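What follows is a pair of complexes built around subunit A, which joins subunit B in one and subunit C in the other.
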Partner chain A sequence: MSDGSTDPPGSRSDRIDAEHLVVRLGGTPALDDCDLRLEKGLLHGLAGPGGSGKTTLLKTLATLRFPDSGTVTLFGVRVDPADREGLRSLRSRIGMQFQNLALFDFLDVGGNVAFPVRQDPNPPPPDVVEAEVESLLAAMGLAGTARLRLNEISGGMQRRVALARAVMGRPDLCLLDDPSSGLDPVNSSRIFERIRAIQRERGTTMVVASHDVDRLARVCDRLHVLRAGRAVFSGTLAEAAESADPDVRTFFPRPLAA
Partner chain B sequence: MTVSFPGLQAVARVFGLLGETLWSLVRRPPPRSAVVAHLFNTGNRSLVFLAVTMGFLGMISVYQGCLQAMKVLPDLSNAGAVFIMAMVREFGPTITAMMLATRVGTGIAAEIAVMTVTDQVEALKVNNTDPVAYLVAPRFVGFLVMMILCTVYSCAVAILAGLLMADLRFQVNPNTFLSLGFTRWSDLSVGLTKTVAYGVAIPILAADSGFRAGGGSEGVGWATTRAVVNALFAIIALDFLIAGVGYLLVRGA
Partner chain C sequence: MKALARFSSVPVAAAGRTLLAACRVVGGMSTLQVRILRATFSADHDYDETLRQFHQVGVRSVGVVVATALLTGAIMVIQSGDFVERTGATSLVGWAAGTAVLAEVGPILIGLMFSGRVGANNTAELGAMVITDQVDAVRLLGLDPVRYLAVPRFLAMIVMLVLLTCVGDLFALLGGAVTCQVLLQIDMHVFWQSVFESHLLNYFAMGLVKGFAFGGAIAVVSCHYGLAVKGGAEGLGRAVNNSVVTAAIAIFVVNFVISALWGGGG
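Our next item is the complex of A and B:
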């Protein structure tokens, strides 16, 4: 498998896309003929009403769900559920923050953040990992919390721990599911700013699903809108404001003239 | 036309999980610290529970056995020999397995079920960690080793309790009671085979129930219930199967 980070933009190995995806959950289609193309190194926002398939799409891109029909291509490689080695190789390049965080309650804060790196067959030396964990926690405003248990920190702090874990392994594709859910406006803005800063610094391809569309629109390079399991819009904020689709305009209205 | 056999699918799924667990043990043994933690949780934390259960079982069995025997033949010289043979071949492994299935098997199912319904299992996968190798393999090794040791311990406790009852209530000489006259190698091997079979089945069935959990706290409750019901059913079925095969193989020995 080629390393997408060394290939020129637009090459085959950059490709991250989903074509004609159909994913059924309990017989009901959560994704229904969904097409999505992600450009490398950009921050993509994913919006849509509740139940439109955002989480299912992220989990499908993370190779945690497999489509009933259609294809997913990551870094130029078509996802094959039967190819375990191929999946392992793809997953080593993906980081994900789950909607309900999915932090490991048997580990402390530092253990959770370090987890993606420690599971590597050839992990870096422990002192290097610890230094990176401390640095990442400090960047998230969580300095000095590495030894705390999860029940000793607030929900907002746990959300930042989950974000730190998602970006810890320096993944090529980072999928964030509702990173500001349950946060107050100040912390919500901060978390979007941190996401933007990390994405710019590392050049990671990021997909952020959120209901907080105002803040999402402020930081994203591309926006995608899902409706009933189908992508009905992909483009920039300016294009969204001019969209013929009333739902897209509702999500991303034209800014009021000053 | 598609024909579905849910029972066969379940059996295939459980054997698939067993195969994955064994393969993960061969490919990359679990960290020693994880195995030690599960050895402690399965064995050390069950000692009092097993001692109380098996102690009372030993005393009740000897009391009832001797009481009934006295009605037929007022000679209890073989009571201990029969009791020890039954304990080694049948009751020791089976009762210990039932106790560990309720205390430890439900714990395994609940832990994995909570991780499943809170997406922690999916978080393991996306972090390139095989949930079977990470969660099931250390629990499997811990349970299997401790199942064998706990069975030996349970038999010893039950025999000691039975000896006290026989001595104090029926005045049977302890040396006479501790007779291995009826216990053959075949009894020992049947007992050991059952112990190993239970030690393999219980953690795998518990893990399978945990992985299939869904729907929040209610799903966790169902997973634990399913784990204990499946384990008890498996224990009875394996007991019958191994006892039958054992009698066929050593018939006349």
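Our next item is the complex of A and C:
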């Protein structure tokens, strides 16, 4: 990762962006010349119709997919698929909640949440991990569930467990793929409020992809709209409402009260 | 003429596609085998996951192996019963059943049962993990899926299939002894004496080597198909099917190679 594309120390070392990304899935471009710039410490919302490339973009930012062309720069470092150590180092700074949760059913709730730090080469003492897990679970409204198996909790609770795992270990970049999918309006609101609270408390750079655009607009600092694999808008909610692109105005028709 | 040429090229194209697909599978498995071996001999292991696999692979397979072995031993004695009755060579009944059970039929049947139960389950589990992004989650945490997921399964299948072969051998001989007594009216002691006097240790050792090799083959085949799953439930079903068939073929090929190298004298 220490090639010529890496920013000099102190210049733009927090830079997270994607430039001219093209990612093909089975020959079809899921991302097509997609540009995205993420400002540090903000909550970014990612909206767009189904199939517009939101999940592919998140997985590409997470270094789980590599672009056919274009570049991804994370924390000022250009992602190089051939540099395994560099990838490991970058991935250790990223947390992700997957669209279909990707929880490990051979672990209990606490084991799933603790997994990122337990796999660390230098893990914190077990009592510290346990306290962090309990604290996170309590913040998610899941106090006392650490010893339960995944099949003993509801789908909504599993979604919160996945969110807790994504923010465990305090990653610098947190990617959340449809965190409110399948939830009722009350739980959906709660999960967005929790995301906002965690982001504010930790100052983490977060990207939330969701179809729940009303709630997304309420909590996010910046909004990005994807269409056919391309980012067609990046800006604030007020800017979205004034956009010349009718699709953007359809997603975010007017500023909503925070 | 063109139509004839096109028609005649169809089977060639199909054969070419089949050959390419086979090369892809063999290449993929060989690469995975190398990666597993390299990771196995490194010091960095997830012992919790390895122990979990030992339990899942071994302890839960004991019942099916015992049942298979008991019946295998019994069948071997029944098959040799006709010859024994006609010749009166009761002292050979233990040798005949013991040789067949320890060197060939026991390891193969236990291997096939193990492949059907553990190998298929392993492919399904890994495939489901791929489909539900769990393997991506493992990679995102900086872990190598081969090291974290395949190596514990590889170790568990090798160790447990060797141990299960021992258990299976014991129960197969037990099944043979009981069948001798009940169906052939030959005293059980005659059977055991025949077994011990036949110096079957070499056959027993050959069976264990086969168990070791079968375990490795089943692990590599099932992990390969599991980690390579594409598409949803349909892809998973196809992967499990391919895994079971390929593992069975691998068992027979490995068995042939070991038997040929070991020699007819066992």
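Operating definition for what follows: the second predicted complex is superposed on the first by the 243 of 258 C-alpha atoms of A that agree within 3 Å, B and C clash if a C-alpha of one lies under 4 Å from a C-alpha of the other, contacts with A are read in each partner's own complex, and residues count from 1 in each chain.
By our rule, contacts are C-beta pairs under 8 Å (C-beta built on N, C-alpha and C of every residue); 3 or more make two chains touch, one makes a residue touch a chain.
Note that the structure is predicted; figures quoted are calculated from it, not measured.
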Since both structures carry subunit A, what do subunit B and subunit C do when superposed there: clash or fit? clash
A:116 in the overlay: touching subunit B, subunit C, both, or neither? Say first, second, both or neither. both
Which of subunit B and subunit C A:62 touches, first, second, both or neither: both
Would you check which partner chain A:91 touches, where first means subunit B only, second means subunit C only, and both and neither mean what they say? both
Looking at the overlay, does A:104 come into contact with subunit B only (first), subunit C only (second), both, or neither? both
Those residues of subunit A which subunit B touches in one complex and subunit C touches in the other: 59, 62-64, 88, 91-92, 94, 96, 98-100, 102-104, 115-116, 119
Help me check something: in the complex, which residues belonging to subunit C touch subunit A? 52, 132-134, 136-137, 139-143
What does subunit A use to touch subunit C in their complex? 59, 62-64, 88, 91-92, 94, 96, 98-104, 106, 115-116, 119
For the complex, give me every residue of subunit B touching subunit A. 118-120, 122-123, 125-129
Touching residues (chain side subunit A, partner subunit B) in the complex: 59, 62-64, 88, 91-92, 94-96, 98-100, 102-105, 115-116, 119-120, 165, 169
